[in-house]
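What follows is a set of structures to go through.
In the two assemblies presented below, chain A is common to both, partnered first by chain B and then by chain C.
So, the complex of A and B:
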């Protein structure tokens, strides 16, 4: 269903109102003390967040978390796309790898953490955990995307003598791009989850570490400031991925 | 046999690689154990995992039910009012992009160190997918169905209960499948952090006791639970889709 411009504008206005309402409710809840001392008002959180000292700390941690998440996203999705392509070319092997991917997806990250510390290192665990979280989503997106090219076009290419490699390059990969872009949108948030969880297992720095330490030491405002920072980063990354998805589906979508 | 190999080659390869790696890396058994040790642990003390497993399943299922119900409630409200639907956009965006697992420390401070927090974690995880899938189902009506209801003079209550809600059921079944594995894993992370009980707690204690057999056996049980729930949810989904067509 195509939305008319006026409808989109009114939705934007409502969304803006919703944001203001959300912040106002938070402010009221914090100031009235309804949530107790653990729920500070949004203005207090902002003051803590932008205090020079905490901001420096949070910015440093954020860049480390962001680096882990981005590297995890890159490695996880490259491996996923690569394996999906290999499985496309060697299709009898595909059911086995699908099973493995499902199993990896059902493996608790908290059990992987201690193992990854041994196999890799404490500082690399966030990246690897992020890559593992991303892998499943991108593998599913890539394999459904590659299988989703119109059969008629495939038959035409085969009829003109194209081998499976040519079909992959000129038909299946381009038609998989919209799926990959939607997968990426989900994977962005998964990569943050993996990075932050991975930091709980003794990474030297990162937002996950700050959130957890602040929780345990009852530094309530610092905890909320770190969460606000995390939310801002993941929301920005998500919106960027959503924009990319729209652009890709305009160019390559049906 | 061939079919089995086609399905299982990758898992078998992984187990063999794991075994070979533990044997040849020269690591102490305290740090890393072989798959055989994990299997032995599971076969000899199955009862140790039963109670924590039941606890985790209970929290995950009730949380999923609660979250989907809340999501559906909001979907109904948004169905009735476009303004309300617009107002929820920022919250929906926030919950889509921020991983719920990162919020567990905050939830712990808000709801305390007990099972309630685990429960709330799963509810929040399932809330938005419940809302999104219910909304898309309520919008995917047969052509002209809504117009037909209006022409027949059906009020909003009849439109809701006889048209929109039944149309939402197949989408909710999809949500159930999508969330099955995630609910178990999120409950596990919360249990791990809060140390209240369940498989997450078992993994936390056995990791800190350096009992890797037990920690990995508990993870295998978790994988089993997650995949079983996924399978059951897929069956339910297939049934419902078949019934609707």
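So, the complex of A and C:
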């Protein structure tokens, strides 16, 4: 879907207006005390967030969370794409792999946490949990994408005598790219979810740990600041993935 | 050739055009589908057909008469229920494996993310050959797409896309060329212009060609013989096309051409 420049500009304006309205509401709710002491005003959260000491702490934690999410994204999607390709080339394996992927997805990540801590370590759990969250999304995107090339293009490939490897390289992979980019957009948010959840299970550092500790110690402003930091990170990564998706669908879409 | 009214004198072979391509032998070919249990659809029924090396054969027939199925069987895209297809003595799959088949279908089926030039380079890559850029440019020139080498298919008109698809089918100098309604989605004017261009392209080379089309005019203008098919999947008539080559637009306006077109059209509707 091509958007005209003016349409895109007005979308940005609406998004900005929405954000301002949301922050204003939060500020008002905090200052009026309607939510009690657990809902501080956005300005108070900002003061806590940008105080040099907390900011250093949050930045350190953020980089750790970001690293877990990024590694999980990388491992999870590589494995997913690789398996989807193997499935494409060796179709007899397909039912087994599909069932495995479904099983992975059907298991709630919260139930997997303790298992992962036992199998891996506390510091690796965020990465592994992020990878698992990413895997299913990317596996579905990759296998749908690889199977989704138009039949007319398949016929031409067959007629020109392409073997399955050449067909994969010249037709199926390029035509799967838009699907993979959309999958990545969803996977980015999922990787943050997995990483934060993994950190709750007792990782040595990370934003998830800060959020949990701040909650237990009733450091309400720190908790909100960490949440704001997480939201900003996740949103930035999401916007980057959305930009990538647009570029890919311009290049490889119809 | 200026004088399009000299009819009945077959100049094939005397005009210095190179005869190339393998002959085609279709024997007792049948194709049945079972879409549901207990339902059998016969698409091709005991069909025999021979095509000479270098011959241009057109197949016309009503929708659903099995002409596209026939082409798919020759391309090895589908397997016959019984009977055989032999191209230069080999099975279609063998020909496909050796990359000796050229195909162009109604949907130009160009890869949307590649430029015209790279779409024409594709057959070389699929065959594991070094891309012959000179030949690619020659073919682009031949089909009148010079200047559109870097253009992506979505930027081209339907007619230009079909030209590119036909150029692509010629890249590897195939033994047999299979065209399934290559101009079927185009308007009448563009279609006629492309027919004239195709006749011009064929003037210098005679690749064994099978053209499936709805248009009797197109079939008679381009082919050496035209096969009329009827439902279900059988040959109703074979028409030897007497017009000499090279065929020019004048032929399309001649009485002889109109007479034959009418005869074949009648045969198609009977």
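Convention: the second predicted complex is superposed on the first by the 246 of 254 C-alpha atoms of A that agree within 3 Å, B and C clash if a C-alpha of one lies under 4 Å from a C-alpha of the other, contacts with A are read in each partner's own complex, and residues count from 1 in each chain.
The rule is short, and it goes like this: a contact is a pair of C-beta atoms (placed from the backbone, for glycine too) under 8 Å apart; a residue touches a chain by one contact, two chains touch by 3 or more.
Since this is a predicted model, take the numbers as computed values, not measurements.
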{"item": "First (chain B), second (chain C), both or neither touched by A:230", "value": "first"}
{"item": "Contacts of A:115 with chain B and chain C, given as first, second, both or neither", "value": "first"}
{"item": "Residue contacts with chain A in the superposition, chain B compared against chain C", "value": "B"}
{"item": "Contacts of A:56 with chain B and chain C, given as first, second, both or neither", "value": "neither"}
{"item": "Touching partner for A:21 - first (chain B), second (chain C), both, neither", "value": "first"}
{"item": "Touching partner for A:31 - first (chain B), second (chain C), both, neither", "value": "neither"}
{"item": "First, second, both or neither for A:157, with chain B first and chain C second", "value": "second"}
{"item": "Intersection of the chain A residues that touch chain B with those that touch chain C", "value": "none"}
{"item": "Complex contacts: residues of chain A adjacent to chain B", "value": "1, 10-11, 13-15, 17-19, 21-22, 35, 38-39, 92-93, 95-97, 99-100, 102-103, 105-111, 114-115, 118, 188-190, 192-193, 196-197, 200, 208, 211-212, 214-215, 220, 223-224, 227, 230-231, 234-235, 237-239"}
{"item": "Of all residues in chain B, those that touch chain A in their complex", "value": "5-11, 14, 27, 31-32, 82-83, 85-91, 93-94, 96-99, 101-103, 105-106, 108-110, 139, 181, 184-185, 188-189, 192-193, 199-200, 203-204, 207, 212, 215-216, 218-219, 222-223, 226-227, 230"}
{"item": "Chain A residues touching chain C - in the complex, by the definition given at the top", "value": "150, 152-153, 155-162, 166, 170-171, 174-175, 251-254"}
{"item": "In the complex, chain C residues that touch chain A", "value": "75-77, 96-99, 101, 103, 105, 107, 109, 111-113, 122-123, 125-128, 154, 178"}
